[in-house]
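Just so it is clear, A, B, C and D label the chains in written order, and each chain counts residues from 1 on its own.
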Amino acid sequence: MISVQTEDFDAAAEYAALRDSGAGTGAIATFTGLVRDSGDTQGVSGLFLEHYPGMTEQMIAGLIEEASRRWDVRKARVIHRVGELLLQEQIVFVGVCSAHRADAFSACEFIMDALKTSAPFWKKELSESGEHWVEQKASDVARGEAWNT
Amino acid sequence: MISVQTEDFDAAAEYAALRDSGAGTGAIATFTGLVRDSGDTQGVSGLFLEHYPGMTEQMIAGLIEEASRRWDVRKARVIHRVGELLLQEQIVFVGVCSAHRADAFSACEFIMDALKTSAPFWKKELSESGEHWVEQKASDVARGEAWNT
Amino acid sequence: MTEQTLTVRFFARLREELGTEQLTLPADGEQTAGDLLAALASRGGPWAQLQGGQPVMIAINQAMAKPGSPVKAGDEVAFFPPVTGG
Amino acid sequence: MTEQTLTVRFFARLREELGTEQLTLPADGEQTAGDLLAALASRGGPWAQLQGGQPVMIAINQAMAKPGSPVKAGDEVAFFPPVTGG
């Protein structure tokens, strides 16, 4: 299930829903991203996140499908927030449940890395000195590409 | 923080405590293991987990220290249950918060893999046909050793 | 003959710098996304950055595409900077 | 001279099959964990499995050790099957 939303999410409720997904589940891996001061700018107060409605949801569905082909995935949940977010707010949640530990970790990390490099989201950093669009990091691109080997 | 306990744990409260760990945190990775029917035996109803009190806590503390040397770890939480557990009950929780996504994933997965191969816990499977001690899996040993390269 | 146009959308930094969120352009027979970029760049001013400036990503009908990908009447073509989500 | 013994502990399958959770043995000068295992194995019956049977892990004073590790008076020595936690 995929949600792109301005509202905050309840990671606890998401975990409970993942856990409730059948007797074969042995492993649940989750990742939550929080708004962090990148350290590049003075006095960052938060972010503004823009996305491409429709395309975003399609791309994330494709990522979950790909993860499900590569690993045992019993259920996957992705939530990505958009709009204005303050420091330390939750931005993104990825949760995967699987029969096996290694599959849960790999699928969760794959989806998260791909969200950074493939899904049409753009971050603008808001600070005392104004606002500026965040540039894509070479390290994120490299992590995304590493899954293709 | 490390807990070895017979009681169940509240993954939601653990997540909230991890999240509340300072402005540098950008990433929280968690893993929860559930009691699963291994498929090796008919009619499994649950597990009995034995541990070596004292040594267990020391070894887990050592794993967290090692993870903190290798990756950015702002806070780590490990809970491992012992005693009798029914199918689908929570066995183990590992949560790591970090400035960076890759560090959170790596530290969480490293600790979890090492728990499987290094910490003195032993599982006995309880089933209709009696009970038997679970054998160590070669795949778990290999995953544990892979972190040493 | 209702579909002889295509929709062009801009996101993020490009949307702001071009002051444009969406355009409707005549669909011009045998055209690629790259042709469309070149035509827009020739408007000059901030539009010039669409060629030879910072990298521009392309989506056609909400799927990633390349400069050589053909565009036709009825398509939704989007141009945007490299993504920075998560 | 209060510490001229050592404590031996068994866990999991070994504890059950030996019917023994803990032993107090005289500490015997220059001894290794492997010597201790051999002495226990020579008791025969289920004890024989401590040598040449399934792998036996060793901890001395709650830290992992090897058959060649020395054991001395006051030590807590534990023998157990490979771990299966998580």
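We adopt the following convention: a contact is a pair of C-beta atoms (placed from the backbone, for glycine too) under 8 Å apart; a residue touches a chain by one contact, two chains touch by 3 or more.
Since we're looking at a predicted model, the values are computed, not measured.
Novice: Return the chain whose centre of C-alpha atoms lies at maximal distance from the corresponding centre of chain A.
Specialist: It is D whose centre lies farthest from that of chain A.
Novice: Rounded to a whole Å, what is the gap between the Cα centroids of chain A and chain C?
Specialist: Those two chain centres are 27 Å apart.
Novice: Distance-wise, how many Å sit between the C-alpha centres of chain B and chain C, to the nearest whole number?
Specialist: Taking the mean C-alpha position of each chain, the two centres sit 49 Å apart.
Novice: Which chain A residues sit where two or more other chains touch them?
Specialist: Within chain A, residues 33, 101, 112, 116 contact more than one other chain.
Novice: Touching at least two other chains at once: which residues of chain D meet that condition?
Specialist: Touching at least two other chains: 86.
Novice: Which chains touch, pair by pair?
Specialist: So the chains that touch one another pair up as A-B, A-C, B-D.
Novice: Considering only the defined contacts, which chain C positions touch chain A in the complex?
Specialist: 9, 11-13, 15, 59, 62-64, 78, 80-86
Novice: Would you mind writing out the residues of chain B in touch with chain D in their complex?
Specialist: Listed in rising order, the residues of chain B that touch chain D are 33, 49-52, 54-55, 58, 80, 91-92, 112, 115-124, 133-137, 140-141.
Novice: In their shared complex, at which residues does chain A touch chain B?
Specialist: For chain A paired with chain B, touching residues are 11-12, 15-16, 19, 23-37, 87-88, 90, 99, 101-102, 104-105, 108-109, 112-113, 116, 143.
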